[in-house]
Structure formats: structure tokens, C-alpha cells
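Two complexes come next, and they have one chain in common, chain A, joined by chain B in the first and chain C in the second.
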Partner chain A sequence: MKIAVMLKQVPLKAAGMDMVRGVILRGQTEKTLNPFDKPALEAALRLREESCSLDVYTMGPSSAANVLKSAFELGADRSFLLCDARFSGADTYATSYALAQAAKLNGGYDLIVCGDRTTDGSTGQCPASLAAHLNIPFCGQVVSIESLHRDSVELTRSSGGKNITISLRLPCVISVAEGKYELRLPSLKSKLAAAKKEYTLLTPDMFGDADPSHYGQSGSFTRVAKVYPARQTKQSAAKKLSPHEASALIVGEAARVKGGAL
Partner chain B sequence: MKLARLPENDGKLKILVMLEHDESGISPASFQLLTAAKSIKEECRLFAVLIGKGADRHSKTLVKYLVDCVYIYDDGDYLMLDSHRAALAVVDCARELLPEILLIPATDTGRQVAAAAAVALKTGLVADCTGFSLNAASRLVQTRPAYGDSLIAEVLTEKTLPQIATVRENMFPPYAALSDHPPLRIARRLRSAVMPEAKFLGVGDAAKASLSSAKIILAVGAGIKQKKDIGLFEEAAVKLGGMLGCSRALVERGFMPQSRQIGLSGMSVAPKLLIAMGISGSVQFLAGAKGAEKIISINTSGQARISSAAHVPIIADMYEVAKQIISG
Partner chain C sequence: MPFFAVKDEYLDYLHDESRKTGESDSIAFPADTRELKSALNGLASFMLQGARTGLFGLAVPNNTPIVNLSKMNRVTAFRRDEGAYYISAQAGCTLGCIYDFLRNPDSAGLLKKEIELAGGLSGTNLFFPPAPSESSATVGGIIAAKASGILAGYGSLSEYLSGIKKIRAGNTEIITEVTLKLLPMPEYMWGICFFFAGAQESLEFIGRLSRAGLLQEDCVKAVEYMDEKTLGFLSASRENAARLKSLPRLPECAGAVYIELHSADERAAESAAERLLGLYDGLGDPDGTWAVSGQSETLKLRELRHYAQEAVNGEIDNIRRGDSSVFLVGADSAFTPDSFLRRTDEIKEKLCRFEFCVFGNLTGGRVRINLLPKDASEIDLMKNALEELKL
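What follows is the complex of A and B.
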């Protein structure tokens, strides 16, 4: 069984805006693995223990290789960095297209695991787009991978207050929600093994579709026309209370709500 | 298969909305899409698509909403199972109607259906829109929060149609029902040659109670100093008979799960009482909290933006107040 995980490196803190110059402050903050990718990686690592191979992919600047290194330290077999100027400025359509081309390059996968969303773009669109580009089924908000079979996977999806258990045909793409999969820490042994592993650089000319106009900004259908700071609300005078007074006020209001509900 | 006659092309803007529904009917977020569509252009032609089991039954309620035609794909329960396949119904409908704009609720399922539909239709998709307008070239200007919610972006799908957007819940009021209305035009369609790829095995209620239905919420934000402090506030929330929620800051720091996040990129809540402790009150947090009947805020200074939005802004130490609630 071949499994792939798609990872993203995101800024540790939300980017700010220089209000005086009117420009977005990016590339200045520390970067980290997208927190929502952690349960996806953990779910895939557990499947790897059941005699699967695990490849990880990420697209981004050269610094994104750090998330691949972390994945190696946790036990990933191979890793791929999509890093090229022609990939830059991609919207979710072009991003997922590039990832689909990369997955095809390696002969495809039985199961591709993604995080539900990222903390920076936060659209949650890429996993479903990736499945559509590969023309294979998709299931999101997966809280548990129950069992993996030769041609299907049994999953529990949690959405809208319901847990639904389904069987999805392989190959497929899933996105994993937080829940039972807490990302493990690397062991000394896996760290040592990781030191010998190196990622593979992928560029558009290596893909089945090598047309550069299908990637990055030129492969995108959307364009950000304008960005401005979120409107700030006006201030009002707040009352200074002692902890005791504040607590009494809150408890009183809560009692009123509970009383009204009876 | 019964097909309604396609509306003649009168040059009016055509907007297609995908409505979600469950056993209890068409979802509130879906009715808001009708308002969103009309906010783009009042004189548009409005079409709706309903997918999955029960679609036929629920479509009847649309008679009062001035929808030009409802497209129904009532041949299975696949919407929740495999959004890629569900998207094919939306794609089929869009190819039939050729709308300029396609709106879909920004729910878990909606955003996945939208993503798959955009790929199949080779067009742009903008997520979590909070507002719309048309520019001079009659292209849709889609407004959404960006870059960690501190900024607002206006995004265009420049050259292709339909311009697809998912619409954030509770940004538009529900569309008002009409008392006087023409009969509803309905088109029943079947998906073409789709292999079942997902099998339904079972359903159960998710174990966790949801924030969105909580009557009392204690929400905490950046004022929390470390992860282990969450327990103190969880206990205070329970003592008050409520649930603990949080702002985006704590999800990003890994202190709280995203299922507890209130705000534009989290959940929209509507409690009777919201106690916000150590939350600065970004526009995005407040958008998620605007359904709250009463907001009490606790901050160490009166400078926090939430102080102007709260009904009762208080300056106090959130840790001390929480301890007092627990012991009191």
C-alpha cells in the first residue's frame, strides 16, 4: 500500500499589516508545520506501521524543506519539495493541480491524507480539489480511520454533530480532523535514520503536464484585487471591578439564563 | 425524468445557489444564500439546486422565495458520503444553466463540493465570503477575511464562469418569504453514470456537545498564559453551566482544538450569554459572536476592542475572576 501526506509550512503567527505603508508583513515571522496537518501525519504514520510506504509532499519556498525533515524524523520513507518560481502565486486550484501532478509522477497512491485546512489560507479547499484533479473519491473531516483494506478504506467522518461511518473505494483522498490523532514525538532511532534521508526537489518540467502556464499565478483562476485592514470597532469605557464583583455579576447572569431556560 | 423548460435568456444575471438540507429541512445557512444572491443584484434570475435524499420533499418550501427554478437531484444520500460525486450534480446543473455566479454554503460539505465543482468546471473559487458586489466590468467582487483574519481581501475570478464562492454562515439574514408568489418551477434530474464509490455503514451522534447550540459560553483568548491554565477556565465554564470556547489565538498556539473556536474561521455561536475573557475582540471574533444575546467581557485594560462590543465591559484579572467563580 502506498500512502502520501500533503503538508504545508505556515507562519507561526498571523501576518500583520504595516498600517503606515499599507503593505502586508510576510516572510518575517517564524514558520512551522500547519497545526491542522499534524493529525493527518499521525494517522498516516500509524498506517505505515501496518506495512505501508509513506511519502510526504509540500509546496513552498526552500524553507518548507523543514517540514519534510520533521516528517523524516517521524518515519516518512520519502519526501518531495515542490519548489520553483513557476509554482508561486498559486490559488487553491493551481496548488492542488501541482500536488496532483506530483502524486501522478510517483505512480499515484492508494491513499492520500491531508489536514482539514491551514492556519494561513484557511480555505479548506485543497484536499477536495486534489481529489477532483485526480478524479478519485474524497472524504473530509475524518476523525478515525477504522480499517484499510486492499480496495477500500473504512472511515468515520464527523460533521454537523453526527459521526458517519463510511467505506470509500481506493484510491481516494481524505482530510483528517483533529481528534484522536495526536502527533508523536521523534525517537532517537528515527532521528538518526532521518539524518541519512534527503528530499527530492520537484519542478514543473518534471511533471506529465510540463506546461508552466498551468502552475502558480498563471494557472490560477482567482486574483486578490485588493487587501485592507479589518475594520476596527470604536472603544467604550469599561468598568473596573474586583474579581469578586465580576464573578458575582457573571454568576448572576448565568443563573438568569438557566432560570429562563427552565 | 421530468425537465422544466429552461428559462429564456433575457440577459439578466443568473445566480445558482446550492442549498443544503437534512431531515429537518433546508438549512438556515442555505436560506441566507438567497439573500446573498439578491444582494449582488436584485434583478437577477435566481436558481437553486438541491442534492440528495429528501431534496424533492424540501424543495416545496422554496415556493415562497422567488426562486426561478429548483433543480432536484434526489437519487441517493451521497452528499454526506463523497463530496466529489455530489459535486457532479452541481456541475451538471451549472452546465445546463450556465450561471454567471454559483454560491454554496461554507459548511464542511459545502466547501468540499465547491472545490470539486470548481475543478470540474475549470473556474475560480473563493472561500468563506462575507460580502459581494459587482465591479464596473460586471465581475463579482468577493470579500473574505485573509492572512490570519487581520485583513480583508477582495478577490476576483477574472476570466472564467461561473464565479464560484462559498458563503460564510450568518453574514446575511435569511431571505424573507413572500406571501404572494407564482408557482414553483421544478426540474428533476438524475446524475449521469456515476459509480457508487462510497458506501454508508452507520451513523451516530458525535460525542461532543456543540458550541453552536450552547446557551452559555465562556470564551478565552490570548490572555491565557499557558496550556495547562485551560483547565481552570473549563472548570469555571462548567460551574456556570456552560461550555468553554476560544478565539483563534489559542487554536494557533495549540492550546484549544479548532472545534472550540469562535470567529470567522471557526464557529458562529448564538448563546444567551457569552463571557469573553482575555479576548481582544477582532472583527472576525465578533462576527462569530454576533448571535450572542449578551456579552460580558473581562480584560486587563479598557483598550481591548471587545470593550466597545460587549454589553458589559469589565476591567479585571481573568484568572482571579475564574477562581472566584469556581470557589463562589
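What follows is the complex of A and C.
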């Protein structure tokens, strides 16, 4: 059984914006693995323990290789970095198209696991878009992978405050929500072993579709016209309260929201 | 300099992190040396306070006016001199304020003059090596208490204390401003946590580190031991501790050793990590260790050890809900790894009738023993036991 996880490197803290191009200035801030990808990676690592192979992919500048290194440290078998100037400025459509091409290059996967969204773009579109490019089913908001079979996967997904258990035909793409899967830390043994592993660099020329106009900004259908802080629509005066008054207020407010006593 | 009656929002100033509570009628908050002198004028006795983060009750007033220095909290100078960096701050400035100055100089809390000073920070990534874990501690309090954190491999607090300004009130010398030496963050940082199924194995590991000479390695900056009880408190407090929630749940184990490696050379850090793994052989599951690298990930893992004292304090608070006269009994004792190993059985024997936990720094020699009384009747018995142990 072949499993892939799509990862993204994001700025650790709020980064600056190129207001003209509408893109994040990624080079000027410390970076980390997208926190929403952590449950996806953990879910895939648990499946790997059941005799699956695990590949990880990321697209970004050369520094994005650090998230691949992290995945190696946790036990990924192979990793792939999509890094080329022609990928630059991609929207979610072009990003997921490039990832789909990369997955095809390696013969496809039974299960592709993604994070729910990213902390920088926060659109949550890539997983579904990736499934569409690969013409395979997609299921989002997965809170638990119950069991993996030869041709299907049983999942629990969250929907409207309720959990629904479904069976999905393989191959498919899923996005995993936060909750059950807390990403493990690497062991010292696996961290040291990972230092000897190397990622594979992927560029558009290597893909089945090598047309550069299908990648990066030229392959994108959207442009960010303007980025600005959300306007505050409500202003509340700060209250200065004693500890007793503050705790009474909190308890009262919590009871009001819950519709009863705490 | 006005004194306020100690009531309402000032009642907190009657106790410190030891959970002992004292008495006082009045409190003043001078913002500079002139106001401090004015506050002290005519006082025969007083209780000087910083952030009240001490564990020994030294900031608890005993029917004397309180002079609290928390408003003397500004950075006053920052300079670079022959490759080293120095920061001067008023005594009541917290480590947190200094970190804000160093890491977020555009943060709203800084005064215009401080933002100008912070202009010299461009491209630096500095830290204060002896900093204790508690970022709300004041620099004056740290110096007065000779407190220091887990990075004992960088040397003692005095090596990083470049200047000190004091005034005298009666027989008391009061620190008003300190100048601290800062270092650039090392390029390569590793945080590694080793877990052990038995206490004996964890102590054997420390012994092996000592015998192999690893404690003297330049890149080994912290070696921290945590016993089973400490780990239990950490596990129990995880749900309510945001700082611990970014870490996985602790495995079931009877002891842990946290080690931090710092180096300018990637290979040196890696090589030390390989040696550590070799020394761990046969003492635990190498797949069950935790290892991270990089500044942000290492600082996250360091929280495990940093939070130990807070987890213990949380337990004391739980006990105090039933008996408010209870407070933490403890001792900070100097141990080498060998002397710690030699005295472990004796400590266990003397303290086994009490609930106690042990954690601490085995490169700088300071190990913290916390005793948690079930009720007030145990406090004196615990103190006696510690005295008998000469801790």
C-alpha cells in the first residue's frame, strides 16, 4: 500500500507581504511545518506502521527541504521537493496541479493525506483540488482513519457537529482535521538516521505535462489583488474588575452561553 | 512617594511562589531610583519585592511596609563591545521584558528610547545564558537570589553580570540597575529527552555521562534529571498547560534526562548526539527517546523541564484548597552526578514517608527537592528530614 503526504512550509510568525504581487515574503522570517499538516503526517505515520510505504512531498524554495527532513526524522521512506522558479507564485489550482503531476510521476498512490488548511493561505482548497486533478475521490474533515483495506478506507469525518463514518474507494485524497492525531516527536535514533537520507528534487521538465505555462503564476487562475487587515466592526470597552468580580462575570457569561449553570 | 493600603488588588503582594502568606499594611511602587529613595526614606524596616517568583518565601512581608520594584522595569542601555553584547535594565525589569526587547523590539510595550536602543539589535539573535526558567522573574531578583536556569554549561551567573548599581538603606543594599552580558544564540541546538523504565537506569545513564566525560564536552549545555513523581506532575498538568500541549504526552516511565546541545558546528552537535545514543544502550528504548533541533523546537522541548516547578506549584495549590496553611517545603542542593548517585538511597530512605519529587541540573550541581505536605502537620517533619540530610 502506497501512501503520500503533502506538506507545506509556512512562516513561523506573521510575515510581511509583497503588496504589489499579493504574495507572502517567505524569505524574511523563520519557517516551520504547517501546523495543520501535523495531524495528516501523524495519521500517515500510523498507517506506515501497518506495512505501508510513506512518501512526502512539498513545493517551495530550497529551505522547504527542512520539512522533508522533519518527515524523514519521523520515519518517511522517501521525500520529494518541487522547487523551481517556474513553480513560483502558484495559486491553489496550480499548486495542486503540480503536486498531482509529481504523484503521477511516482506511479500514483493508494491514499494521499493532506492537512486541513495552511496557516498562511488558509483556503483549504488544495486537497480537494489535488483529488480533482487526479480524478479520484476526496474526503475532508477526517477526524479518524478507522481501517485501511486493499481497495477502500474507512474514515470518520466531522460534519456539522456530528461524526459520520464512511467507506471511501481507493485511491483517494483525504484531509485530516486536528484532534486525534498529535504529531509524535522524532526519536534520537531516527533523527540521526535521517541525516543520511536525501530528498529528490522535482522540476516541471520531469513531469508528464512539462508545459511551463501550467505551473506557477502562469498556471494560476487567481491573483491576490489586495491584502489588508480585517476591519473591526465592534468595539467594547475594557472593564477593570476585582478577581471576585471577574470570576463572577466569567461564570455568569459561561452559564449564559451554555444555557445553564456550569 | 505614595504608599497604598494593602487590600483588594494589592492582597496578592502578601505572598510569593512559596505559597507562604505574610502581613503588611502598605505598599509602594517606585518607578526609578529617586522614587525608591523617597519610598525608603524614614522606613526602619521594609520588605523589598520583585516579581515574587522565589520559592523560599523571601518576598513574603512580616508586618513591614512593602516596597515593590515591579514598576522599575525599563531597559536603560544596550551596547555592543568587542563582539559581546550588553543590556542594562532597572532591577524590576523582568526577563520577559528583556526577551520582548531582544526579540520583538517593535512591540507596543517599549518606550521610544528603548525602541531607539533596540535599533542596534538588527541581525542579532541574543540570549542571556544563565536565565532561569521563569520569565516573569526580575533581573534584580535573579541577581539577589543568585538564581540561574538549566544552561549550566555556559558557566555561572557571575560571568554574565557585567555591572550593578545599588543604593543603601540602613544595613540593606538594594540593587537598582544591572548590566547583563548576552550571547548570540548558537547556530545548532538540539534538545533530547531520554526516558527510563526504572529510576536506577536513569541514574546509571547520568553516571555513564559523567564517566565518559560528556559533561565536560563544550556543546553539552544542560543535563537535567526528572524523577518519576515530577514526570507524573507534568503529565497531570498537561491538559491545563498551554506550554506543554505542543509536546506529545509523556510516556509511562520512572525517570527522564533532558540534555541540550549547543554548537556553532553542526557535525559537533551531531557527533555528541551519537555518543549520547551509544551511552543510552541497554538502559531504555532508543525509539522512545525524543529529539528535536533548531531554536524554536528546542525551546518547546525545554518547556518540559521548565514547567516542572510550575507543575509542582499546581499540586501545592490543590493541597492548599483543603488546607490553606500548607506551603511548599524544598531545598536546592549542590550535587555532582557522582554525589547525587551516592546519596540517592539515603534521600529516598529519609523522605519516603512524604510525597516528594526531585529534578535538577546535574552539570551545575543544583538539584531541587520538593516536598509536598499533605497537611500543615507534616511541614516541620519535612524540614527536620531535610536538616538531617543536610540539604
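The rule is short, and it goes like this: the second predicted complex is superposed on the first by the 214 of 262 C-alpha atoms of A that agree within 3 Å, B and C clash if a C-alpha of one lies under 4 Å from a C-alpha of the other, contacts with A are read in each partner's own complex, and residues count from 1 in each chain.
Assume a contact is a pair of C-beta atoms (placed from the backbone, for glycine too) under 8 Å apart; a residue touches a chain by one contact, two chains touch by 3 or more.
Since we're looking at a predicted model, the values are computed, not measured.
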Considering only the touch criterion stated at the top, classify A:30 as touching first (chain B), second (chain C), both, or neither.
-> second
**OP:** Please work out whether A:184 is in contact with chain B alone, chain C alone, both, or neither, and reply first, second, both or neither.
**Re:** second
- Message: Quick check on the superposed pair: does A:138 touch chain B, chain C, both, or neither? Answer first, second, both or neither.
- Response: first
TODO: Could you say whether A:242 touches chain B, chain C, both of them, or neither, answering first, second, both or neither?
DONE: both
Next item on the list: Kindly classify A:227 by the partners it touches after superposition: chain B alone (first), chain C alone (second), both, or neither?
Entry: first
The intersection of the chain A residues contacting chain B with those contacting chain C is 242-243
In their shared complex, chain C is touched by residues of chain A numbered 12, 30, 32, 73, 182-192, 195, 242-243
Counting only contacts in the complex, chain A reaches chain B at residues 11, 13-17, 24, 26, 35-36, 91-93, 96, 119-120, 122-129, 131-133, 136-141, 152, 154, 157-169, 172, 178, 220-251, 253-254, 257-258, 260-261
Per the touch rule, the chain C residues reaching chain A in their complex are 8-9, 192, 194, 247-249, 270, 273-274, 276-277, 280, 286-293, 295-296, 301
Listed in rising order, chain B residues that touch chain A in their complex are 22, 80-85, 87, 107-109, 111-116, 118-120, 122-128, 141, 145-160, 197-207, 210, 215-216, 240-242, 248, 251-252, 254, 257-259, 265, 272-273, 275, 281-284, 286, 294, 296-299, 301-305, 307-310, 312-317, 320-321, 323-325, 328
